[in-house]
Amino acid sequence: MPETKTEKKLSPWQRKIHEIIFEADTPAGKWFDIILILFIGLSVIAVMMDSVQSLKAKYSDLLFFAEWLFTILFTIEYILRLISVTKPKLYALSFYGIVDLLAILPTYISLIYAGGHFLVVIRLLRILRVFRVLKLMQYVSESKVLAQALKASRRKITIFIFVVLTLVTILGSLMYLIEGEENGFTSIPKSIYWAIVTLTTVGYGDITPQTMVGQFVSVIIMLLGYGIIAVPTGIVTVEMSNTLKSKNKGKEGIRACRGCGKDTHDEDAKYCKYCGKELL
Amino acid sequence: MPETKTEKKLSPWQRKIHEIIFEADTPAGKWFDIILILFIGLSVIAVMMDSVQSLKAKYSDLLFFAEWLFTILFTIEYILRLISVTKPKLYALSFYGIVDLLAILPTYISLIYAGGHFLVVIRLLRILRVFRVLKLMQYVSESKVLAQALKASRRKITIFIFVVLTLVTILGSLMYLIEGEENGFTSIPKSIYWAIVTLTTVGYGDITPQTMVGQFVSVIIMLLGYGIIAVPTGIVTVEMSNTLKSKNKGKEGIRACRGCGKDTHDEDAKYCKYCGKELL
Amino acid sequence: MPETKTEKKLSPWQRKIHEIIFEADTPAGKWFDIILILFIGLSVIAVMMDSVQSLKAKYSDLLFFAEWLFTILFTIEYILRLISVTKPKLYALSFYGIVDLLAILPTYISLIYAGGHFLVVIRLLRILRVFRVLKLMQYVSESKVLAQALKASRRKITIFIFVVLTLVTILGSLMYLIEGEENGFTSIPKSIYWAIVTLTTVGYGDITPQTMVGQFVSVIIMLLGYGIIAVPTGIVTVEMSNTLKSKNKGKEGIRACRGCGKDTHDEDAKYCKYCGKELL
Amino acid sequence: MPETKTEKKLSPWQRKIHEIIFEADTPAGKWFDIILILFIGLSVIAVMMDSVQSLKAKYSDLLFFAEWLFTILFTIEYILRLISVTKPKLYALSFYGIVDLLAILPTYISLIYAGGHFLVVIRLLRILRVFRVLKLMQYVSESKVLAQALKASRRKITIFIFVVLTLVTILGSLMYLIEGEENGFTSIPKSIYWAIVTLTTVGYGDITPQTMVGQFVSVIIMLLGYGIIAVPTGIVTVEMSNTLKSKNKGKEGIRACRGCGKDTHDEDAKYCKYCGKELL
């Protein structure tokens, strides 16, 4: 996109920073991404360790140091991101911009308000940035196939979830009437929760039917869940197959035969298979 | 359908009401549907809240008011539906007609007989009306593909359920003999219930095999269940793929035969397969 | 098969009985099958009820009567089957012959030896006869497609089960070393049982990992199980798709064009789509 | 591969041993493999029995004898393998070479250090050798199809696991905040463990959400898990279908071109697509 006059001009060193931080195709950009993802990974591990009592007691100094180290590093990164874009406001209000800010705020808040430290857990959201790895590892085309197949089946899956939610609401309420509060089905929302646990074949076992009628209804829910899992699977499989086919078709049909005009040649074909003319 | 003479004539305002309540294509009909679904949603939430002890204690007045509000509104809707159709009896005895009646009765019954209030839960069945939303959102063709695929695989799925039920009956009885009442397998129906819980991979854990032989049989049931889930999935996937293909075939018919006018020709066809005329 | 001389000749009434009992195409044979399946169903329900303590106490007389009634009826059927075939020995030693005998023996044994009554549960195996219903309901072609698809994927599924069993043996043993007897993994066979419960996503929860390392290994088993369920599903779907295609192909390719000889015409084609010649 | 001069020459009896132990095509090699797999199976059963307290107490002498018998036999086999290859070092450092050594070491170690006996469990890894059975049973082509399909879907499955791991990390951390330590979600790693247990529909039930908000998030995880299982299934199904198709294509190559000799022509090809020569 050509820069419009309302945008502020970036100085050469701002351009350089932008190239390193935002792009992934240049060597510097690649290295920045790899190091950033490493740091995000380490900060995530630090947050996780901090939540385990035994580890927290043992390594409290190290974890305290790590938290501040990552906070300062991520603050520098955040500031560099802000000053290297032409529209800092747009970045600051974008999804990643907000996540980046939320990832550093809690530690500063904890200086004033003790309980704030707790929110450092938000830093975990930064791991969403690891999806850049896909770009680095050239897995882009593969993830596009998946995303396209899911997008194509969006409408059908919406209907499916619609039907499932209606089913569990009715069946859950039915179980509330059958089993009642003395058997753990203390309310309709809880019964619906149980119905979803059963239909999706998760089956925690924290609530289980005790009466014969209840067990009979459960069995129907289980068989339903066991059967209708075929529906999303069928949808995604068919769409994925279509996505791959149309992708392959596009690849093949670029060479039209000068003899007979047909253009459905395999990629390795040198001569037209319909009239024998050499292909270019 | 042309009106027969035995049908009573609808006056203009009855026609108007009919258009609003029963049709979804006119602006008025659309708005009515949206508001109705909203009200059904709210009444469902009210019934759910009423079943949660803590919420019931807190908002008992509000919930009591909501119950009567929705009952009166749904009563008016029910009466309007009755007077705006040419055959009110047919509507009253239809599935939705019965559900609509059952949704308002419990509140009135609770005036005479205190326990009746409990039955207001039936109102949840009204959420089935939300399937009109699909029509509103033009998701009809997508839901037809799903319905058609399921219809085409109906027979194969019947056989599958047949085999599964036979399997669990035999394996459940076997487990009753192996484990016995001291390990929770107190009767054959309960053992069959357990076998279904295991085969569908729900696995509550309320009943679990304790003996070595029992665990061995369980393992076989699990592997069976893990394997045969492939069968309904395979059926639905293949049928869904066929449904989509035949639907697409109809779409591709861009070449209409000049001889007979039919347009469902294969892509590589040179001559009309119905009348023999050359295709352009 | 033409009768050999060593076979005994069937008298007309024997033929009549054979037709009724063994064939399902004649009206009499159909009725016999329907009544037999009904009786098997009732006898299965009686056995089930007998295993439920509360029902047994209440209806002990009825159940005792039912058991003897079905035993006598099935005994008569067994004798009729024996005398209406040319090779009674072959029938007696066939799978269904043995099941039919085992279904009546326990009641007689209970006259001499009290505990024998317990074995009446074997009668449940008779429900396998309900698969004749498929024949009655003309579901044969559908069940053939399923059977053929499963047969074609037999070898691949064998390999799959092979890999799964190797996986659970190694992972189960690993968990026995990690968790040890104090956490419920009391022996290697039990750990393997747990690994299968986890891999197949049944997840009873009777044994659960307690250590961090154990939970980490469990997570790997779960993700494995969640992922490799795709393998049998993929196998069956592909084979089912192939079975249906080759079935359809067989149907289509019966009309060769007199003009160009091609025989891949759609069922509704009247003219050859390659040369325009009328098809017969 | 022709022998290079740096390799040591094998004497005739070494060749003979090599043929028996390493090859599976000769009768002697086949028999050796069958017997070896039988012995591995028996040694695995012995290790399993040894871990069951009741069996260990009963058959301690037999199990002690079996352990030493298999150790000595496997030691002889290991030595024979070493002396019958031209590069013993290469074998000793190969995966199977290390497994073979680890399978015999623990018993010898237990002579010096009592606790070492415990490690005999490593012997279980030898069951990986049973995959030779596939070769013996000519299941090779089937397992190649499976392996190829999995290999082709490798990248897509990597992305899928990537997304799943990101999801469970975020959702698990969220649940740690919602439910807290008093409801069993004692740390973030444990909450992630719970999220995987739920997403994969295993559902042990050792940790379950207690608060309403927690149950609501659980329900979302369950529906997600129930839905996205369609993704690996779709991937594997499509790849398996492609693998089989391209395999069949290769099979159809019965028409070799008289010009260039290539035989991978489509069924409807009239001219060789590699050199333009007319096909017969």
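Every chain is named by a letter (A, B, C and D) in the order it is written, and numbering of its residues begins at 1.
Everything that follows uses one rule, which is that a contact is a pair of C-beta atoms (placed from the backbone, for glycine too) under 8 Å apart; a residue touches a chain by one contact, two chains touch by 3 or more.
Here the structure is a predicted model, which means the values were calculated and not measured.
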| item | value |
| --- | --- |
| Intersection of the contact lists for subunit B and subunit C | A, D |
| Taking each chain's C-alpha mean as its centre, the one farthest from subunit B | D |
| Classification of the subunit A:subunit B interface as same or different, half of numbers criterion | different |
| Centre distance in Å when subunit A and subunit B are each reduced to the mean of their C-alpha atoms | 30 |
| Mean-CA-position distance for subunit C and subunit A (Å) | 42 |
| Centroid distance [mean C-alpha coordinates] between subunit D and subunit B, Å | 43 |
| Multi-chain contact residues (two or more partners), subunit A | 189, 201-205, 225, 229, 233, 235, 237, 241 |
| List of subunit A residues in touch with subunit B within their complex | 155-156, 158-160, 162, 166, 169-170, 173, 176-177, 186-189, 192, 198, 201-205, 208, 212, 215-216, 218-219, 222-223, 225-227, 229-231, 233-235, 237-238, 241-242 |
| Interfacial residue positions of subunit D with respect to subunit B in the complex | 201-205, 233, 237 |
| Subunit B contact footprint on subunit C (complex, rising order) | 44, 47-48, 51-53, 121, 124-125, 127-128, 130-131, 133-134, 139, 142-143, 145-146, 149-150, 157, 161, 164, 189-190, 193, 196-197, 199-206, 225, 229, 232-233, 235-237, 239-241, 244, 265-266, 268-278 |
